[in-house]
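Some notes on the structure that comes next.
The first chain written gets the first letter, and so on, giving A, B, C and D; residue counts start at 1 in each chain.
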Amino acid sequence: MKDLKYRAYVKRTPYLFLAPYFCLVCIFFIYPLISAFLLSFQQTNGPKSKAFVGLSNYSFVLTDPDFHKAVKNTAIYAVFSIFLQLPISLGLAMLLNTAKDKTKGFFRLIIFSPNLVGQIFVGVIFSVLFVPRYGLFNRFMQSLIYWGLENRWLENPTLVLPAVIITALWMYVGFNMIYFLAGLQSVDKSLVEAARIDGANPWQVFWNVTLPAIKPVATFVVVMSTIGSFQLFELPFSLLKGEFGPSSSGLFIVSYLYQMAFRAGDLGTGAAVGWILTLMIMIISLTQIKMSGTLEEGK
Amino acid sequence: MNGIHIFLLCLAALFVLLYALQPKRPKIAFTYLRYIVLALIAAMVMAPFFWLLCSAFKDSSVLMKYTFLPPIMNWAKEINLSNFRELFKSQPSMEGNVYFWQYIINSLFLASITTIVQMFFSSMGGYALAKYDFKGKKIIMFFMLASMMIPGVVLLAPVYKLIVNIGLMDTYWALVLPGACSVFGMFLFRQAIVGIPKDLIEAGRIDGCSEFSIYMNLIMPLVRPMTGAFCLVTFLGSWNNFLGPQVYINAQSKLTLPVVLNQYVGVYANQYGVFLAGTLLAIIPPAILFFCLQKEFISGLSSGAVKG
Amino acid sequence: MAKVFLKDVQKVYDNGFAAVKGASLDIADKEFMVIVGPSGCGKTTTLRMIAGLEEISGGTITIGSRVVNDVPPKDRDIAMVFQNYALYPHMTVFQNLAFSLKLRKYPKAEIKKRVSEVAEMLDISSQLDKKPKALSGGQRQRVALGRAIVRNPAAFLFDEPLSNLDAKLRVTTRAELKALHRRLNTTSIYVTHDQAEAMTLGDRICVMYNGEIQQVAAPMEVYDKPVNRFVAGFLGTPPMNFLKGKISSSDGKNVFILTDGDIVELKNDNGQLKSYMEKEMVLGVRPEHFTVEPFAGQSNNGIKSQVNVVEPLGDRKDVYMSSRSGQKFIANLDPHTAIDVDHQVTMYIDINKAHIFEPGETGKNITISKN
Amino acid sequence: MEFPYGKAPFWILVMAIITGLAMMLSRTFTNAGRPDLVFVVFAPRHYEAYLKLIPEFERKHNVKVQLQQVHQRPLQTRLQSALLADTDVPDMVEIMNPFMGAFMKGPLDDVGFVDLTDRVKAEKLDEKMVESRFSIWSSRGRIFALPHDVHPVALAYRRDIVEHLGIDVNKIETWDDFVRIAHEKIVKDVDGDGIIDRYALDLSISGTSFFPIILLQRGGRYFDSQGNLTMDTDITIDTILWYIRQSRGKTRISFPAGEGQPFYKALSDGIILFNFVPDWRSKVFEIDAEDLKGKMALMPLPAWEKGGRRTSTWGGTGLAITEKSKNKELAWELAKFLYLNKKDFSDRFAMLNVIPPLKEAWDLPAFQVEDEYYSGQKIGQIYAELAPETPPDYVGAYYEMVDGKTREVLIDGGVYYEKYGDKGLREFVTEKLKQKAAYVRRVMNRNVFLREGEVEITDANSSKENAG
């Protein structure tokens, strides 16, 4: 009889290995997910007051100018993190790629180091660096381009978003650089040499050889950055000391959710925001994956 | 025109000079240029760290007076350990006096236990996904991918309710359990394990391994770089976790560094000096870890990305 | 004690593909059985079913006196040598050899004794502290062997163990393997696609094709008396030539008329040819059974052909020819034969050693008697 | 023997074991069952103060009280989600004023806190304490928390510089006086480098903290006593315009000094001379800007018209008892013990500079002490004199939103002002404020729990109630 059990045992094994995941995901993901879904059609206030409001939460959020602002800020941040942060990361990676191993390790260590500091710490540190007149950043700008000493980065609605972008730039450039470095290692050197012999200039080599070769990595980084951008919360939260900036200039989608659910106490609307955000992230990242055409390769 | 401008001009001039001297071999000049650019960027990245280092030792009354360090003749008066003394002062609480080193221990414990548990469960899941064919695998993979896109805050309220209901409030279980099996980690480990030849596993089966001992004795030793990388990422995430302990932990003596340090920069208290001193200390453990694990981290993470 | 019986063993995958269609095979104790066949013929699947790595869809496998269909691999008392050796890269050679013993909780001293014995036997004693990465291909191969031997199992299973070695090493290792088997005298099942290995190593050969066992017999018997066209064509280099034509009778004699008109006189008819009269058949002739001179008493069996390529190989000469209607064949001639490209020659067949097959890939050999 | 899974997991495992042991060793204390009362506070200084007082209460009543300190934001978040989840909550909490509103979103019997109105009336506390302070903790006429403080606002100024400039603060009776003197004597580029480096007042350009102070002093407010929205009245518009003119453009008299160390740096550099300082902040100054000892002094706020109110309020803490508490009576005892404890008022004033709302306490000798930091002024007396005038501040369910939206108008108006000047500013601000008010009404109207006829959401101008 013991023998007969062996087949069943082998068949069962993957489920056993996945059992912790199944258990945890049911308890801490699916169940809350369902609660959050039901919640998004309700208004709640304390244990006694609960009311079904249909799609009212969704329609409110979608027509709320604050939500529009949050979406706009998030989109701007996402665009900057893709079109400013990633090119800088790639540029740094390319500068480093051909360096000697030791040099490479040294610069990699330095440029990555901001990632060791938690967002909550970085936020507070930069809130001091951005202080008008005394802050390190303001002084640096002043001595470099004679501008910005008195800039109220965190109080001026037009400067809050740039401040968040600059802080994020400092934090994340190194992280993406590591991915790009790995991607560049996989570029076939003989291909580059062949292109050179064919008379391609460095720009053409980059465009026609390097870029296609790092496409899978680039797609990965772009998708991860976008998802990260849409989930941005702790960094601006601590940078702006738990507020959302003047005129909500530092309001992002997740901060809007947080504010709705935990400040205004409207958990139902918060849940609705969560679902809208989830939908947005899925659509955008799937579009990105589709566009880059690496869906099939990407397993 | 100031020091910074002159310095930058000198660097530029040197480039022009190098280029002019050997116009036929521009490579030297461009190599020089490349390292200058890298060095300048590295300096900019390090500046906040240097500032942090300086500020942590500045007396709170002179924190804003000097950008970095005061002139050397003022050191005796203005540079001291007052911030650290304040930090390590005992704090009264209902559980008796709490000392700063307790928060360090709490943070270390929580981060390391989270790392171990997550590594164990995630790698197990990753192994199953990489090396077994079973019913529902595709659905599970798709579900995992989709679940990575759902932001955690969506679940904050229901999970909170759950944690309270099952009586895990104010325990570290509340922080370890919900994330004990990370989807991201499962993908990373799957990625690493997929590359291990099937023969090895079968050789193990014939040699007398049970399925679990194949995982423990054959698979895990072979994905050490990924384990290292994953350890670092998880440790960092848990070490710097703010929202979790903030929401789930009540007792002062159980709090972790980010939460405790954040108490120094509220509305009623703005002790930036103390906060910065604490932050400086809080950076040390992950820095040590990263320094030791650099190689594994780079190769582990990048293998995940390159393969997509 | 360690006989291995396969009875109607089947393997059907979930997608409906039948890799093995009812294979039955008796392997005697201490026998060296080689399963040979082209890739995809199901030979590896069969071996993996014996090892327990693959689920058996139908039939039974018996090792010793025990039906092992549902016995886990580790309890089947077998050892396996993999094509890629499957050495554990993170363990030293010693640990690799000792691993299975350790899992079976042998005492430390016993493990050490056994491992050093085996290492001695395989001449890898000096490599015990190295990791597999630091070894050469041949050494790795030995470690893989050693890992199987050290357990002293009831049967060895080999899955193309020599295919990753270079040609020279393959030949020497082949010989060593044979010597080893003679010394250990353990039942061995050896899978390969290389017919030379099959011929040299096997006590018996099992030829598989398309998921079915074609013939099981001693090497020379399979070579001399292939049961069908596939088996005939699979063994031997260069392979057997197949010439299309039909059986007819002329002047009371059975003849084989090739499509291009040449007539080959057939001999020793046991009467079985009668039923094949005037049917399309295939004449199988091994290259070495061609000559430029007619054989004694067989004057009427020449094929007019043209020489396309001549490959002098030292010990012999491979001549690529085509008949008048363009049927290609290879003849294996004495190296000193005066023959050159574009010569028109008549090739004679040693009809005693020729076979006649039914048409089709696995056409039956009608010239060997059924019993 | 090498650890087969690599160095990293090995050392992390070692660390987990060591720290785990260390934690077990350091936790020698034992939790002797559930305490009779759990009391959560957010202010570290309150925490320290109560920690000293509670043992006496425990002895007197033979009970066990557990005091917890939680950061203010998480306290609110946690409390809110706990009340929503119907889970375990502390028996008593101290809450900051703007956060109270969030608990008032539902029907009165679902507030989550015990309605203290009858208890307060029974003890005659509404008479003994500064009456306007109950406004913060009231909704629809019911009181849900006991006020901890009054927090009257005065102006703290750099006495040394102000005297040096020849300014007599006694002559500054109104804000018009203040602005005039600021223009005449204070706002200057002292070192002649083209950057103005002396301003009269600290005003943040986003209006954080300071705008509500000015609005309240003027008699404006976001909500009336019934919880109706009154954010878009003429007073609000006037105050926004005044604020913009003083904090923006070339003729501004204020400098946004920020918070924390940057603020104290600006203060000690003499970049700002006057600050809004409620009683609690006067202590923060003493601690954080130690070197200004003897250089500071306090004065009442200038009035908006001669003889008008010369103070406002900033902040406020209240003690609420949760509806779920099993020991409500004991909690009420503890609340009284802590908040009406005359013996302790002196200690706490010395520690926090905070004036209690209990009027009879102000005669205690502790409130007559001359404060060296404020150039020997009897600051207890100064604040006590201002206290009765403190304006009420009705919180309402959407306080934080209204505050935020109003300040958005302030910021948009400021940008407009810097671009186009005074022309059309009033119209612009009025228009914007109406828009924001309409938005808030829309949000309030969504609230199905407030619709039950308990609160009438009316247009602001129809309810022009002016409370003293």
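As a convention for this text, contacts are C-beta pairs under 8 Å (C-beta built on N, C-alpha and C of every residue); 3 or more make two chains touch, one makes a residue touch a chain.
On a predicted model such as this, the values are computed, not experimentally measured, just so you know.
Each step here moves to a touching chain, and the least such steps from subunit A to subunit D number 1. Seen from the C-alpha centroid of subunit D, the farthest chain centroid is that of C. The interface with the greater count of contacting C-beta pairs, when B-D is set against B-C, is B-D.
With centres set at the average Cα position, the gap from subunit B to subunit D is 36 Å. Between subunit B and subunit C, the centres computed from C-alpha atoms are 58 Å apart.
Each chain gets a centre from the mean of its Cα atoms; for subunit C and subunit D, those two points are 91 Å apart. Multi-chain contact residues of subunit B (touching two or more other chains) are listed as 64, 157, 161, 221, 262, 265, 272.
Listed for subunit C are residues 72, 90, each touching two or more other chains.
In subunit D, the residues that touch at least two other chains are 4, 77, 81, 84-85, 259-262, 265. Only residues 4-9, 11-13, 15-16, 19-20, 22-23, 26-27, 29, 43-45, 47-48, 51, 66-72, 74, 77-78, 81-82, 84-85, 87-88, 259-265, 280, 284, 288, 290-291 of subunit D touch subunit B when the two sit together in their complex. On the side of subunit A, the complex with subunit D involves touching residues 43-49, 51, 53, 56, 60, 65, 128, 131-135, 149-150, 152, 155-157, 241-244, 246-248, 262-267. On the subunit A side of its complex with subunit B, the touching residues are 9-11, 13-18, 20-21, 24-25, 27-29, 31-33, 35-36, 39, 92, 95-96, 99, 103, 105, 107-121, 124-126, 128-129, 131, 134, 136, 139-140, 143-144, 170, 173-174, 178-179, 181-183, 185-186, 216-217, 219-221, 227, 230-231, 233-234, 238, 241, 254, 257-258, 261-262, 267, 270-271, 274-275, 277-278, 281-282, 285, 294, 297-299. Residues 73, 76-77, 80-81, 83-86, 102-103, 105-107, 109-112, 195, 204-206, 208, 256, 258-262, 265-266, 398, 400-401, 404, 407-408, 411-412, 415, 439, 443, 446-449 of subunit D are the ones touching subunit A in the complex. Against subunit D, in their complex, subunit B makes its touches with residues 60-61, 63-65, 92-96, 102, 105-106, 108-109, 112-113, 115-116, 119, 157, 160-161, 164-165, 169, 217, 220-221, 224-225, 227-228, 231-232, 235, 246-247, 250-253, 259, 262-263, 265-273, 289, 292-293, 296.
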